[in-house]
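Only one structure is covered here, and it is reproduced in the block below.
Which chain is which? They are A, B, C and D, in the order written, and residues in each are numbered from 1.
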């Protein structure tokens, strides 16, 4: 094991740079070279590859986004594309690869590993929907971004006695909505994993209003409903002045939180160690504050579940 | 002068609480009582009035929103409403009134003053569109909220090499768009005060792209164009992947910046002092870091202008 | 089970208010009343007790500190004090107690429980040094406060090419130092659990300096060394301009992070549920993102360990 | 005018990078080249000079510190040093120089200009003590850093009912202390420009305490007293538990506020324009939200005054 490649893939998430830094430094510590591949699998197909020295990853641990860029890549989904990728990796002299990203990226990692190129996945996505780890890199930062936005909206909601509907990211996973809703005492939380009950939402709003609540906050995961449409319906049914905010892409950026920087560093260092020890086809994860690893299949086959206790709790606490 | 009333009106802005606190403390320092009126002119018509003691304004200087709430009020626009307002003020034993808000609120203040009830206006709006003061209370905080959001979007824009269109508040005034665009190095800034040139916008994007820029940021004031529509057109014309974020109501909230807390405190204290000295029909303002005051007419009649030098500068620096 | 008391004790930590809120709301959800006890065990001895309604905990989930205040209490360490405490609890009609705090507070909780008054502990301390839970309430927020401070110092350190020694809290536990050092890429981290090697520290600084590093950051837990003295020695030995910052009490405050709000809510709700189910003498904790509970003895007898893998990692990554 | 040099000097302040960016872009807009000089006057003497292209100042507007570094320079205070500096400027083909810094740096600028090398000063220091401008670049950011720290300390101060003494920067100027104290409702503010009255401070603390205040905050500018000693004396005299925090170097760093980014951009662009127009020996400043310029002598000879109205106001509002 003399040369390791690293790429970031899928939607960017805060902490990816900390992961890149940890791979580079951990590898150099063990006298292994690291090669950065720009733009994910797409860059691999375009041979956009360059050596990463220790100085290249200085002063990036606290930066959002990814210094290796990221992109979608249709070509890599084809057999030809995959073979070309491996050819490029081999031509560049790489012995193994670290893929930083979410479940889509893990599928790519698994493909390469199955084709014989040793690959390890580091879970990084703001969706927190990868099994085999308590948390994914970027989730904590995105969550803080969401609650800082809601804290601001809360001020104006109180001043105007309004109902606010806030749409957060999460096409298939409701973690960001559920955690932010719980963290901000939202009246109602809509997640893709649970059908929602408009009658119940209205009942809660009316009850809170009668008890003298100065504002109400409803969190909607984008995969559960359109915030704009939901807000309209709420206003029509309750008659309360209702405003909608779609948080959008601010949720992907920002300097990573301490938790995400540490998580990314620990996971990425472990991935590097595994490759150096000759292991591959695995994903790294944090379980009970310990770093561990599982087969990539595990993450890809086990369905992501929302924590039902937390969902119930969010309802009990928003009485 | 023994009793002063205070209300906040119009859209809330960060620093209104600091203004309320300063009126209460300055008045009590001069042995004058202060009465809080909830929900702006609406609360005045509903007699929602209560005494404010020094303890009531403890621990609020750093809070967003307004502890006196705010609301729109159609009734106050009528002659009957205005007379009722003055009756309520007099029945409550008040001698004078401080109105905290934007130009709409100043119109209400002027009406009361013209009808013989001594009133002073404190300019507080995130739009920064009140003449007679270099800055309005809340503008600085809103501006920082906007640039923090853009800084986050910049991370993900760079990682994905995308064009971002960000819609900020400002129906009639482009200050928030112009300042935030200048503060974040936006390629193009659309403001209500200036017609925009789609050809030129496209030309700038293409030029930056060719020079190797990893992302482009376009700021659109809501009064200049719809961010969503503008983004669509940009994508169609350039073919670059373009995303739109409408920042929405996060711009009104948040703990006020140091600048806004100090500005609010200085302005509100001066308003109180003027009333105690028997002056009224005036607005307070900060000019060249000194606190001063002007007739309310001044603020209402002088049109708000965008700083043309700054606008030109924003174009020169975004080459 | 009709009446539950709650108190916060020891050093305050961000998220205590979220815990109070969760106990009140969860209890009311189950038709149980909650009584707030001000100033920890001290308030219990002074009968500073009052009923907490649902409205009392509105708008506090995002506030730092503790609305129930906290204080030290020598009297409670005596047999007489403890009996008086139980008498006051019984006279107030309480059936059980939730104690929110660190290990010192847990000792108090255990004492009451041993004397027959059902008590549960919720771990809240910025030190993260309570066994039986992956994280304590407040640690995550304090950690973010520390890294935001270091990020700022990094700017000026780079501009001036200086060495910075930053002293963080942690008399007996190095978690805050270790995590923040790892999160910020510190050259050297001093923790109470590990003897430090001045020679090695100097060697690292010189090596980094020769490689062209623009700044060096050293994190010192207050329990490991005096930041001021350590900084002086570094400057003497290396000749590099060295500055010291003692972060101090900013580390205890601030709006709790999303993680701490959610953790506090989940833990406190579980504590309430346990009491309602008739269980006591336990501490609640989060293990592998699941909420669980252990005997109070567990937390008090098992020594806190630093994560040795993380410590080693911090050294490998700071080459 | 074909070539302009730029250097940053003295203590770094947030917004210096925005100033550098504006000089480069404004100059290139007018087809003028810009040369960066590293480490202030020291780098000038060491010929540490390199051309700055438009890409070099991409993505720096939001970064704290200065990409050109800064350093002290004894040699430049000598006649020989000054002549060498001018020789190096001329040898590098530069026609004029922009100096970004505080009053010490302006003295250097004036020296060069007097010796015949056209130089303009851009006021950048967190001390806000340069006459001829309402605000200096960096003051606003430092102020926000200070109040965010105080806001955090306030949480823990309230929870523990303590008195806090907070030492902020300001050896000769009290602006940072005065503004932050006013912004945070400090009981007492100690500034170098005003003798302090220990009796009065104690009286205020006791009065507030009797009225039921849960905490007291005292701001001390480093030039007025030692925070540590002052805190000790307060505790001795009042018997109240008193803690001291010395904010230190976090005050210099951090991403610049919107205000500082805009101010830096406007001032630096105007400096560039002046040089292009053949003017020199001047400092640029913002007065009443307009950009203007004065002779360098003006800034250097006019003494800095604290705003007495603001100081009085701070005392009236902290009753």
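To be clear about the criterion, contacts are C-beta pairs under 8 Å (C-beta built on N, C-alpha and C of every residue); 3 or more make two chains touch, one makes a residue touch a chain.
The structure displayed is predicted, hence computed values, not measured ones.
In this assembly, the chain whose C-alpha centre lies farthest from subunit A is D. Superposition on CA atoms relates subunit A and subunit C by a rotation of 180 degrees, given as a multiple of 5. Our note on geometry: subunit B versus subunit D, Cα centroid distance of 27 Å, whole angstroms.
Each chain gets one centre point, the mean of its Cα atoms, and the points for subunit A and subunit D are 39 Å apart.
The centroid of the Cα atoms in subunit A and the matching centroid in subunit B are 35 Å apart. In subunit D, the residues that reach two or more other chains under the touch definition are 151, 154, 158.
In terms of which chains touch, the assembly is arranged as a closed ring, every chain touching its two neighbours and no others. Two chains count as a pair here when they touch; such pairs are A-B, A-C, B-D, C-D. By the touch rule above, subunit D contacts subunit C in their complex via residues 8, 12, 14, 16, 63-66, 69-71, 145, 149, 151-161, 164, 214, 243-246, 248-250, 252-254. Touching subunit D in their complex are the following residues of subunit B: 21-22, 25-26, 28-29, 54-55, 58-59, 61-62, 134-135, 140, 143-144, 146-147, 151, 154, 158, 179-180, 182-185, 211-213, 255, 257-259, 261-262, 265-266, 269, 287-289, 291, 307, 309-310, 313, 316-319.
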